[in-house]
């Protein structure tokens, strides 16, 4: 079975092996033992709550308990941009109108901004190709929302996730070619490498700082603003189901969208419920709303230091959940313990 | 002989004929008789006005052949550009982008909508008959406006500028406009120029044009190439003006990207080289053997009596008087003992 | 009883009388017969759907059916800023940092923007002082969310509401004194009058267009950015309960906050349900969650042209609602008709 | 008699003594012997260098009393400001705000961080002994830098500027800094100046200073009042420079708001009024009765042999030679038939 859990120091080697599989495009998970080691150390201290909340980096691994293999990784950074500026372009609107000429022109503009400074960031999601099936991707991505719903006081109200931007053939970024290249005079790949080395803010110093009309860019560049890389589209959809939205912030290089949410408006905050492990009373069970027999549910324990989560088919009924013995073991829980539950899939209001 | 003098009512017909000649760009003569008449009347009022501070005056000069009284050219100057509003232009800015860690420093060229030229005196319309293109009279006509400013400094600002028409294609399109103004005005270059009447001081410019710098590297190649380029018809004017001391790199036109030349009067040869000399009568054929003669523009009069002519004579630097033949005195309407201003052409 | 309903041409006189009571501060409801008449005409055409969706202005009145008196008014404008620029200041963040000096300065900035162009706007809320008691204010304000949930296809995804900004003694606006006055050289009241005359966009032409550091403003002006007028605080809370939030846009004159929401994230969109008028089945009734006996519920009909809404104490149970005869009459409904319902008050997830 | 000449190694001790005198503002002599030595060595290398394009050269001049060889003043000029980076300043901009419906048009004054002065030649340190404040030698020392530029134009840019120290209070605080720089640097004025070493070309300026125009009406009254105001100690320099033709309204210092004077060389009297004349020997006591004598700065030498002195003589405009007494010839290290450049002081 698969369980998602807080990372441990002993996961470092497995993490490194996984990082070698990631390939280019994810700048926060590079196969660099020093960088990964530092990061795991911060993550362990985060779960142990030995560093201040705003410095924390909660990293989770998905473990295949049959083999002990690490199948995936994901993380929540408490706050971005507090030690180095965090840049985005924000898309705004400016209207130019002249009644005399009967002209009313609505222009999109790009503003270089640090608006997202201090936000909590979802990042570093990677699922090993061997495990890309069924609900594994959902489990891995959504575990973070359940964690946030369990410990909301640890996070800022603003939650973000940067999505990889659109690329054409051979990794060419039309947005970069239309904008960044004029100011950097270097290849996108080189920029990407520098970004991975943590030099992002220094590159941003070279970007135009004055508001920029999108109409100045070539059509090809305009077309991809806020578009994700095709391979990232499923990950984007998962986040959107949880209440994250594209609100006009994009990456300064490839114009990939930043998804945003208010923590208090997340589906996990609205709909996740606590339940005691055990059998439901007869009456409660009888009145349970009819659901598909195998509707999957995310279930986590409520323990920060040893946070664990899995996908169950047990449904919570009026505050109780009949969690199978094996799943209780994986969550390090017992009958009578409280767990947090959230339906894996979104139930839309059928009345609108 | 030719004389440059303020326009008169009697010149209207001749100006109409000149206006019929194709003159590209924004600062040309109007085409209709009514507009030309208004222009002439405004000029006459301006020359007649007693001015303490430059304002809405506009001075129009003509180049007249004294032989047949033909009008062979015209040039004008506004006392204060945008005087009933603001004169807008794009300033050529350099924005510094520095990354210490990457050890990169870029100078990025940007255009900023600005109103700095407001209140400068503006040299405007300049047209000279093709037969005189290479004659010193072309330089005289261009120079006469500044000579007048030397003679009547209180009528003008400390700084001067001249917008020159930018390049357009065979269809009257402007690559610079297409890359910039069109996006905001949503119309063709010629339509926009027609609507705005060649003016650069209208509120609708603030309403429609971008308030933020335009980064030049983002403009298409043809628009970048058009920046600061003059329409071929403006070459003569451009050469005369740069020789005069005008500089071309700081501003361009917001519509077609044509160059706007500007200078402080202290940097202009007409001002720095103007010699004030008393008039002396001399024989019709002066002795030219003493020293190599020099061609001078000679002007007089700080109002409607302004006149300017070209004349070659010995260098005047070390002389207190200038010897003028009777014909020249007549053309300038001066006599023995009067004062004239002389500038090497 | 009180019913909220679509405005009719015959309400004009009553509306005018009400407008005379509004006083300064609400620029969209001035006692001007011509302006009000035009507006009612547009509203009637809006409910009749004889003008395009983006030009509509749905205006509602609250009628006291005992007396026939108009007790309140409110409106939804389909889209702002499409004929005249709609200006706001947006608050952004810029970070200035130098590692060499060990300086990391996070600066708030104001950007003059037309970003909210095209948004749907909640506006013109006014409840007659005689009726300011009980749940009347809630009914009047929240009716609009039920209307939007019933006809979401008519609205853009972006919903906004401009809140009156903070004023000190004698109507003095510290924000205006610290910023606008330097550029207008006229009194705030004069500016306010011009705004009421629809001259807002022309005034905005005089505001500084370049991004502005908040730190340049006097402390007194900074302190009130995004603050509402004390008398507006209750109205703000009502909107926030429905899912609207201050997202950094403020009025260019008094820095009053703009509340915003995505329509799809409104509580009314998530939680409102349709119900048929009639008695619930025994089993459904038996399983109904226990609620306080007098929990009030917003109930509306589903008819655009004759939209009507009231506050009931009948609770919908599994798709049925036992609406009293009198209330059916007020809604112009009969047994078997479908109505839309939403609990008046928000139920917070007790598990987070 | 006094002569202005390039600094030499032997002058270091004298400069150290001058540096001990309180000189406010950013462009003063350094205080330590090592720094002064470095400066002198750099100057010597600059004068000796064969220069095609102005770059990192920095020329330091001293005013020497020939009677006792005392050093009574010093002045310097950088060939190209910010040559190893960018010279930052605030440009005084006027932003036009127009509302047609309200019939209101405001000119709003704003300060924009710019790098336009980069590459200009920069007049820097200027100090003259109080005993000579009102003597023509003060003007000579200030002027000598430009005289050198006339003699060696390839060493300098077309444009020149001079930053003058702004006003500070008794505690060394700057109201302009408090309203602006402090908000970004989070430190006191003097601390910031110390850290940045008086430079205006550092990357950290880009990192910390505002990239958007600062609207002047939003600044507190005392900061607005400080804009473009000179420190009392700079008054002499300011008067000499404006008389020279420098203009003070376009730029101010980004730290203390002090004025930055600038001009195109064509607008400077030293350039426009420079007369090149052959040296002739004359009696020690020239005949001064012919015409009212005029005070000239006379300079020679385009490298380390540059020398400049003050001398009164008859107007030179109409003469081909300048008669120099033997003592002056000796001070200038010229002889009969050599060429010198003369400018009216």
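Letters A, B, C and D mark the chains as written, and numbering starts fresh at 1 in each.
One rule holds for everything that comes next: a contact is a pair of C-beta atoms (placed from the backbone, for glycine too) under 8 Å apart; a residue touches a chain by one contact, two chains touch by 3 or more.
Since the structure is predicted, the reported quantities are computational estimates derived from the model, not experimental observations.
Compared on C-beta pairs in contact, C-D and A-D come out with C-D as the pair having more. With centres defined by CA atoms alone, the chain at the far end from chain B is A. Averaged C-alpha coordinates put the centre of chain C at 63 Å from the centre of chain D. Once the centre of each chain is set as its mean CA position, chain A and chain C turn out to be 33 Å apart.
Here the spacing of chain B and chain C, counted between their Cα centres, is 58 Å. Within chain A, residues 97, 100, 205, 209-211 each touch two or more of the remaining chains. Counting partner chains per residue, chain B has residues 95, 97-98, 100, 203, 206-207, 212 touching two or more of them. Residues of chain B that touch chain A in their complex: 95, 97-102, 104, 106, 108, 110, 183-187, 195, 203-204, 207-210, 212-215, 217-219. Of all residues in chain C, those touching chain D in their complex are 96-98, 100-101, 103, 105, 107, 109, 179, 182-185, 194, 199, 202-203, 205-213, 215-217.
Here chain C touches chain A in the complex through residues 81, 83-86, 90, 92-95, 97, 104, 106, 111, 113-117, 149, 152, 201, 211, 243, 245, 248, 262, 265, 269-274, 287, 340, 349, 351-352, going by the rule given at the top.
On chain B, the positions that touch chain C within their shared complex are 100, 206-207, 211-212. Residues of chain D that touch chain B in their complex: 85-86, 88, 93-98, 100, 105, 107, 114-116, 118, 203, 206-207, 245, 247, 264, 266-267, 272, 317-318.
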